[in-house]
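My structure is below; once you've seen it, I'll send some questions.
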């Protein structure tokens, strides 16, 4: 069974951004995503619970190029304003075509 | 009953006490937290129930009876953000965006402050007009939108159209307006079926919600210390201005004393449900700890404890 | 009261309105969502409460009184999946597995449709037999199992034994049957202790649940557009067949008019709690959006709005 | 009413039945689970409501009336951990740390056992003193702390100071004591406002909670099998000792028969909310499955089913 | 402190599969797992909430061989029928023996 | 856009440890964390739900040195007593300075 090497982009952001970030990554070419609710703390301080919830933790398995573009967008439109972080890892998957 | 006695009654109501209990938990570093699901569930219940009750009342209110009060409310929705904006520019010396963010919050309304005022008025033996919740729905949106528009003058970025959609279709506005529609359409008939759930336990649910709100507000006080006394002054002076404005307009619109006090509290209150989400999206450059500390850390407890009895005392002058 | 008036009453009940409010939220792209925990909590409450009330009634029902209605219900559990299966094969031209999946859903019962019918009957001034919830529990399982057996004829794969266990020990069946046992054993004595929680607020809780169900159903409509008008026809014709069948068997079993209408609605309803989970596991090749769109997107609202009043009108003919 | 009849009544109450229903779910490998949020929400509601009701009662109780019962309760808080500790050392032949962990649990109190006893006493036509919940709050903490101190004698590690803070500011103690304060301060006035939420549905909520507790307890039984019959003996003998001790002290303190039975059940009960968390942090070397299996798997059901009626029977001797 | 290199297998699947997947990975030799609730979207469309919940996100730290076998099983019995994805990463752990 | 290589430390532990672990990692130099609720099973058996919740899944992006120290602390004070595991991965981030 041959495995394909792809990128896993994980974004942690304040919950209010959910809708926008899902749009963004789709626009950049992500074919799917997985989202879990999270809490957290960082340079912008504790995200206390509110009506919108706290943080979201968003994962997308994408090609290297798409990963690049997603980080680019975050860099330009989100990092300066919002409580957001993102990191990239190497993952191996079956059915590589499914994600690109 | 004299104002002092009412102040005592107000302070010692389970809701107010629960709020301070929540704050105490933070202060004692207790690990008390409400499960996130519960917080969302309580908000949802409260917003829908407010709307529903308002709608049922509305279903047997003549358009004529509500026309003037509605007008007065819309007027408040126009004036209060402006007042807050200029107060923030002049007195807090904030840049346009942050001032506008505050304007959006103080121009909108806090559902819980509204409920506390309603309870206070009842305890004082008066009665507010049944359609008051309708006015809450009316007051919730314009302030936020004007706030965002004010920011436009001083900056760009963020997306306006989207911001509007966000406010209008946002959870909180949708639930309250939705509940209102359900109430109007199902009327007393419908009320009979569900009042055991949406009316009887209401104040108890509110008590739990205030416990949570106390937790959230107390966490904001840390920011407050950083932001200093001027913000505290702002967070207490603006409500007084808006409250008085609310009283006068209520009087003019022919509301009862009870209705007047409630409308005053609505005007004096600062939103911390609809506004923060919308502002965060539309005005990302604005500093959230600024407007959250002011609305939730200062103005909410101020209205809860002192503001409401004060508006009541003033109303006794105006009406009595 | 004439059927039209009842139709109006039914449409304007808070539950039905809440369902459409949920659908509206999706249509307006509102970000309204219920916390997942809340959805599970409401289902749990409703299923246990239905069972419990049924059990308490059962505790003072003679075996003789319920024997025939129970038989009629089991008969429905055998016939309705067959009807649905052949309708799906012939009319929707589906392969065996997908037809069987639909059969499992339409052979089982929707607890919420049952509740809506109960409320409707009460509003119409009639009364359904107290043991109806017992019949719901009876009707829930066989349909699902027969549906799965039908699929076996046309395919293999999935695991049968496991599927059975899944249905019988699945959350929903377990809660309803469990509540039934608790009710039977604790009887009126027990009811007194907990009715303030399991009875009084029931319809209010149901209203919130329908708000959520409206959200879920509306999301299914997207699939529906893809699946086309034939599925809509199927989702409305089959309930009518099953409903009439239910009426006749109810009449035969000597149920009251009220009981007849409720049994008809039960037969006409399609499960979207017990069945989907079981079918997903036992018939993975079946396309979920097909059976979910049909049962939740078409049949549930159809019964809620038109079906139930219709069965009532028919019943007036048969019984009156 | 004779004890046997009461035993029946007790066994067939919805709460007790729900507990066994939960256990049954585990035994049948049903996939029934309560959403985590719900579990936390129910606990929060129950603890706050207990405290609140106790506080309201306290608000019109003279210090003199409660002085002796409070003293008796504190005495129990000192004696019961000691009894449990030596029983664990001698009879279970446990090392000091594990014995101390058990002592902490059996020296503290289980809120749900307290509630079951209260309900039982009411059903038996008696009445417990209104301030009993205050005694629960009093009994909850000392046992845990003494347990931890006992462990110190035999080992070190873990952090004592932190452990104390953990117990005192822990969720459960904070909620109950907090509710008590809110109750004392808001009094009957406040009770009127929120009783529809905190009083009327209480036993129903408790029923749901016991369903969950049944799930948790049954999962513990697996461990139990491993730990053997001696633990079962311990988990039934110690409650009997503590229960009798409670009865005698109650009698001495001049409590009514009803109050005596409740205090006995409190003494006999083992904590599974406050104690486990504190012990886990302060005595990490202690084996959790040991104390959880004992308190939740053995002692809780024992008190629920047999213990309480037994203490009642004994009380009839002592008081009658 | 010497670290051991192992595989982290992450499976995202529709919630209804929880019981079965836990069995499967145990059968393939996983000594433990961590599970979080998640939402998500992929080629099979949005997993809307239902009585069973939405998606589960299942992690297991295992040896390379066990990881292989888990993917094998998913490949054969789950990918064709269910909404499931899986990916593998390299992780370093203390107490390597604990996981194999 | 240049990416910086850092370590992602993931800790899964019984929920009762939340407060302590957050302190520990801060003390070791973590500048932030993301926390999600989880369930799980391991050598210490199933963590059944209790008043404190079940497991927490704690992530921190840190420098290699900090990662080392965190594992060290866990090794000494937590692994022997509590239900805790931890694993380390390589991740790439934008704004590397943010995390060190």
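The first chain written gets the first letter, and so on, giving A, B, C, D, E and F; residue counts start at 1 in each chain.
The working rule: a residue touches a chain if its C-beta (ideal position, glycine included) is under 8 Å from a C-beta of that chain, and two chains touch if they have at least 3 such contacts.
Keep in mind that what you see is a predicted model, and the values were worked out from it rather than measured.
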Set of chains whose contacts include both chain E and chain D:
C, F
Moving step by step through touching chains, the smallest count that connects chain C to chain F is 2
Furthest chain, CA centroid comparison against chain C
F
When centres are defined as mean Cα positions, the distance from chain A to chain E in whole Å is 20
Could you state the distance in Å from the CA-based centre of chain B to that of chain F?
40
For chain F, residues that touch 2 or more chains besides their own
36-37, 89-90
Residues of chain C that touch at least two other chains are 31, 33-38, 40-41, 171, 200-201
Please name which positions on chain F make contact with chain D in the complex.
14, 16-17, 20, 37, 45-46, 48-54, 81-82
In their complex, what parts of chain C are in touch with chain B?
9, 12-15, 17-18, 21, 24-25, 28-38, 41, 119, 200-205, 207-208, 211
Across the complex, what residues on chain E touch chain A?
12, 36-43, 55, 57, 68, 71-72, 74-75, 79, 85-90
Could you list, by residue number, the parts of chain E that touch chain F in their complex?
1, 3, 6, 8, 22, 31-36, 61, 89-95, 98
In the complex of these two chains, what residues of chain D are touching chain B?
35-38, 40-41, 44-45, 48, 52, 165-166, 169-171, 174-175, 178, 181-182, 185-187, 189-190, 193-198, 200-201
